[in-house]
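Chain naming follows the written order as A, B, C and D, and within any one chain the residues start at number 1.
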Amino acid sequence: MTPLLQVKDVSKNFGGFMALDGVSVDIAQGERFGLIGPNGSGKTTLINCVSGVLANDSGSIRFDGREISGLPAYQRTRRGIARSFQIPRPFASMSVLENLLVPLEYAGTGKLDEAHEILKQMGLADKAATQSNRLSQVELRKLELARAMAARPRLLISDEAMAGLSSNEISEVLEILFKLNAAGITIVMIEHIMQAVMKFSQRVICLDAGRIICEGTPAAIVAHPEVQRAYLGA
Amino acid sequence: MKRFLIGALAVLALAASMPLIFHNEYFFFAGYVVLQFIVLATAWNILGGYAGYVNFGSGAFFAVGAYTAVALYKAFALPLGLQILAGAAASGLLGFGVGMLTLRLRGIFFSIATIAVAIVLETVVLNWHYVGGAKGLPIMRPVETPFFASHTVWLFFVMAALAVLAVGAARYIETSWIGRGLRAIRDNEVAAECSGVPTLKLKLGAATLSGALMGAAGAPYAQYLSFIEPASTFSLNYAVNALAMPIIGGMGHWIGPVIGAVLLGSVQQIVTVTISSEINVLVVGVMLVVFVVAAPEGILGLFRKLFPSRKS
Amino acid sequence: MPQVAHPAFLVMGAYATYVLAGYGVDPLLAGLLLMPVFFVFGLGVYQFYYSTFEGRGSDQGLRGIAFFFGVAFIVQVGLILVFGVDQQLVDASYIGTSVEFGEMRIPKRMLVAFGVALALTSALALYFSRTFTGRAIRAVAQDEGALRLMGADPVRIKRWAFGIATATCALAGALLIIVGPVDPNVDRLYIGRTFCVVVLGGLGSMSGTLVAGLILGIAESVVLTTAGTAWAPAVAFGILLVVLGVRPAGLFGR
Amino acid sequence: MKFSRSLAGAVAALAFSVFHVAAFAQQPVKIGMSMPQTGALGAGGKAALLALQMWVEDVNAKGGLLGRKVEFIAYDDQTNPGVVPGIYTKLLDIDKVDLLIAPYGTNVTAPIMPLVKQRDLLLMGNFSFDANARIQHDKWFNNAPWGAGALAWGGTFLEAAKKLGAKTIAVMAADAEFAQNLCTGGRAIAKAMGLQSVYDQNYPPNSVDFSSIIRAVRAAKPDAVFICSYPAESVAIVRAVNEIGVGPTVKIIGGGMVGLQFTPNMEALGPLLNGFVNYNSYVPEKSMDNPAVREFLKRYEVRAKQAKVDVLGYYLPPYNYAIGQMIEQAVTATKSLDQKMLAAYLHKSEMKTIVGNIRYDAMGEWATPKLVMAQFRGIKGKDVDQFRQQGKQVIIAPAAMKTGEVVPFDKARN
């Protein structure tokens, strides 16, 4: 069976600065995948290239066996790649429900019930009519995930959805992600909070200076000397 | 939708029955201008208010409509209906072109590009002697106008129909998925794109439609004045009014630009009778700044604040 | 922070020079005298802009642009109300006479304007590369966060930059009215020229700006002599549109 | 004290208005126009407006028209053609004026020609040039000394050029109604005379810097330079000619430069004007002396000083006063405000005015043009009074009014 996402030799250069330098990784259908690395190691650049916010300079990105690296972001979303943003980017003039209606209408099924369903799942049901710029930090994170879910993705990329949350809130979000995965959605988690990644992921890669420095199970990664150097030594 | 349709028909019927109530031709002369501003403000709002892209060159789109109509009228004596269609098509194309060039860049570049387009086109028209060049061109109106008391009354009715059309289009966009997509773009363009919104296509569509409506508003201009000349056709006043009216009225709702246009348009028409035209455009500029600073949601926003119980 | 009101400040500078020249002040000197006044004025405008838009953080894009557009428009109409739509000009010993180089006669006013503009640009370039505040101004355009880490307040820096830009408008306005008569409607042309030069040169690059200015000047005079003066106003905007379409980072941008 | 004074004032006002009602029992006769009071033609327009106001006062002092008071309504059009149709629509529909006068200038008159033709109204033209050539309205009467076509200007100027031995000509013209009409005529005449065109350039209205154009003229080495320009440009061109120089080949320069007749401009340019040959409607030379105009100008000057407008008032004011006189003569003779009857009268009768007796041709232009070409000479400093003297603007054509021979440009400069 072909992997859901195949990233091969992807590079990205910002005016002489190599943000990604020949990154290759495969992610299987249904996998819970963790992506870690220090600040500026290229994590967000990588998922920007996957989701289409940035265009990769070279290499190939295949989704479901088909090349997507030339496609604009909205088409990737329609094919099943949805993401949340590290710094929440709500549609501030809209209510929570309307925020969900955007991907629902443009990439999902267009059924209003589904939006309510997702809100309930995320624990935002009672906020449906609230304008999104009045939400708390944790609610905003949940909205990010909920909006990504409304596009009916097969691959969900969660970009630091837990940064700045309390441990209670972290387990709340983790629980949601576990539930989504149980429903068959492949999940890539980018996270600084090690416990969360390690608890969630089946497989983890660690990026440093635009390269993959190691790959393996959470336990193997934590033990890896380069990871320790990258995280502790830097 | 049904209620809106009935309302639209009622407005048209009212416009058609105006000659029974008002006998002074100046009423229609001035009313035409107000209606024209409704079209311009509504058109501007489709791109500016919904999608957040500020057009400083409304005058250029207006003028392209006007000059397209004049050129075709002079060459083939096209009837007004076709002139309006052609004017709309030309300005729509212009909107599409400017959009292609700059809508991928940051918003300010689009705004600057619209000023640039206005000046480049004005220069082109200044040098286009077929339509009068810098010295302008007098236009003889058709001698007879069937069904209407005079040509001005007829043009008034045409502009009323265009206004209803423009507001209808804006309202349709606003309440449909297109409007939601445009608002998503305004709120956060990257997030919109990642939510499956084809941002470039949507913006291009909005720029084209907005341009086309402005062009349609400009097409009857030469017949209205029985004269056309570049400086006043490309006037900065159109740009300022087209932008000030929605901002003052309220950009979020289709009625906002209408309120702004009716209010500012009538005030200006009344004021020009008594006070100098400078003071009256100054009032528009000052009101624009005051509203942007103190009441960013416009008159509609103020209204909502006063009557919070009323929904939308 | 691309800014649409400065061309209006430029024309305002020209008119302020005209008023001072009416009291017998040399226009160049008037421009210099006006610089501090305009600097303070610029600080004030930015402070106001900051506290109403950037500080609130709400939807600053659209409304901020509309705000400056409105300010520019008010300046223009205000000038019309005070001075009328007529062209105004100033007189000085170097206006109306020329220097002869064989067959060529070059007006002195042009030489004066060229010299002062060159000196002003060099001074600004030096300021931006040699002083801490100057470098901070260039940094703020790129990364506000890094600047904060350096211990500089980006708001203060931006306000300062705005003040300098406005002060520059005073002297540039004086040059404008030395070179030729000014009427309140010229600012629209200068929006085009300014943005054309800045975009062509690449945002934030002083040397790029200088080269782009020269390119535009030469292009305008070439068009002037080949296609006729009637086409000259379109040159700046034409170039601007082409650059925006083809190479938005500018000739020297990355 | 204060109260009683204001009471007295009120009583006086009441008495005055009662007197008014008695004197002019009917509605006033309303005469409306737009006039450039700012913008390119503003300097001339303000002077012209003053003359018309003087006529209104004079006619009201005599008891008005048809026993009714004359009310005069004038709006400022800022020399902006775009606002003129709106102003005239307002004059007709809101102010309900009885008679219309056109604004001073061709550019601002052209936009209302379709309007007056459609409504079939009488329009008194005001120093327009060929404004009626396209529309051909039969109720148009232009009060301007040049008549139809460019012959009165171009003909005399170019003959003078020939006399000086010119073989080549450069033409520069503003891209505006008046200048284009004029230079098109000028070109045709030049061609017919066998003058070879070496440079021909239109420039956009309100151009500011003419150095590059003057450089190009200089490079083309013409013998004559024919210029059709509007006031601000005329001033800028004179300055640029002084600054850059047109080169030694040029023997005659000028022709159709509007604005060099305005006193403020003459004052500002002073000796820079020397040598320029330009059209004019009235210059203080012996051959043009006319007691009626002299008497009018004496009264005008007093008023002009108060109003701070053109103090000499040679160019437009007498003609604008004459427009009023023509209206007065026609209304009095026909005892009517009917546009058809007035037009018919104006067509068939000789009009007696301070600027002479005028007859109109079928197009509504002066049947016998009376335009002069004058050369600025011996102007020193920036003193206004020197322009009142003879010999400062020497009439070189037409022959009947000539007061001197044309002098080559560079000779007149030194």
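Going forward, a contact is a pair of C-beta atoms (placed from the backbone, for glycine too) under 8 Å apart; a residue touches a chain by one contact, two chains touch by 3 or more.
Model, not experiment: these values are computed from the prediction.
Note on connectivity: the fewest steps through touching chains from chain B to chain C is 1. Common neighbours of chain C and chain D under the contact definition above: B. Of all chains shown, B has the CA centroid lying nearest to the centroid of every protein CA atom. Centroid distances built from C-alpha atoms place A farthest away from chain B.
Chain B and chain D have centres, each the mean of its CA atoms, that are 39 Å apart. Chain A and chain D have Cα centroids lying 77 Å from one another. Distance from the chain A centre to the chain C centre is 45 Å, each centre being the mean of its Cα atoms.
Not a single residue in chain A touches at least two other chains. With touch defined as above, residues shared between interfaces to two or more other chains in chain B number as follows: 126-127, 134, 186.
For chain C, the set of residues touching two or more other chains reads 230, 233. If you check the complex, the residues on chain D that touch chain B are 76, 78, 80-86, 89-90, 93-94, 107, 110-115, 117-118, 134-135, 174-177, 180, 204-205. Within the complex, the chain C residues that touch chain B are 2, 4, 52, 58-59, 61-63, 65-67, 69-71, 73-74, 76-78, 80-81, 188-189, 191-192, 195-196, 199, 230-231, 233-234, 237-238, 240-241, 244-245, 248.
If you check the complex, the residues on chain B that touch chain D are 24-26, 29, 126-127, 133-136, 138-141, 143, 225-227, 229, 231-233, 235, 272-273, 276-277.
Within the complex formed with chain B, the residues of chain A that make contact are 51-53, 72-75, 77-78, 82-83, 85, 89-94, 98, 101-103, 105-108, 147, 150-151. Contact residues of chain B toward chain A in the complex are 177, 180-181, 183-184, 186-188, 190-200, 252.
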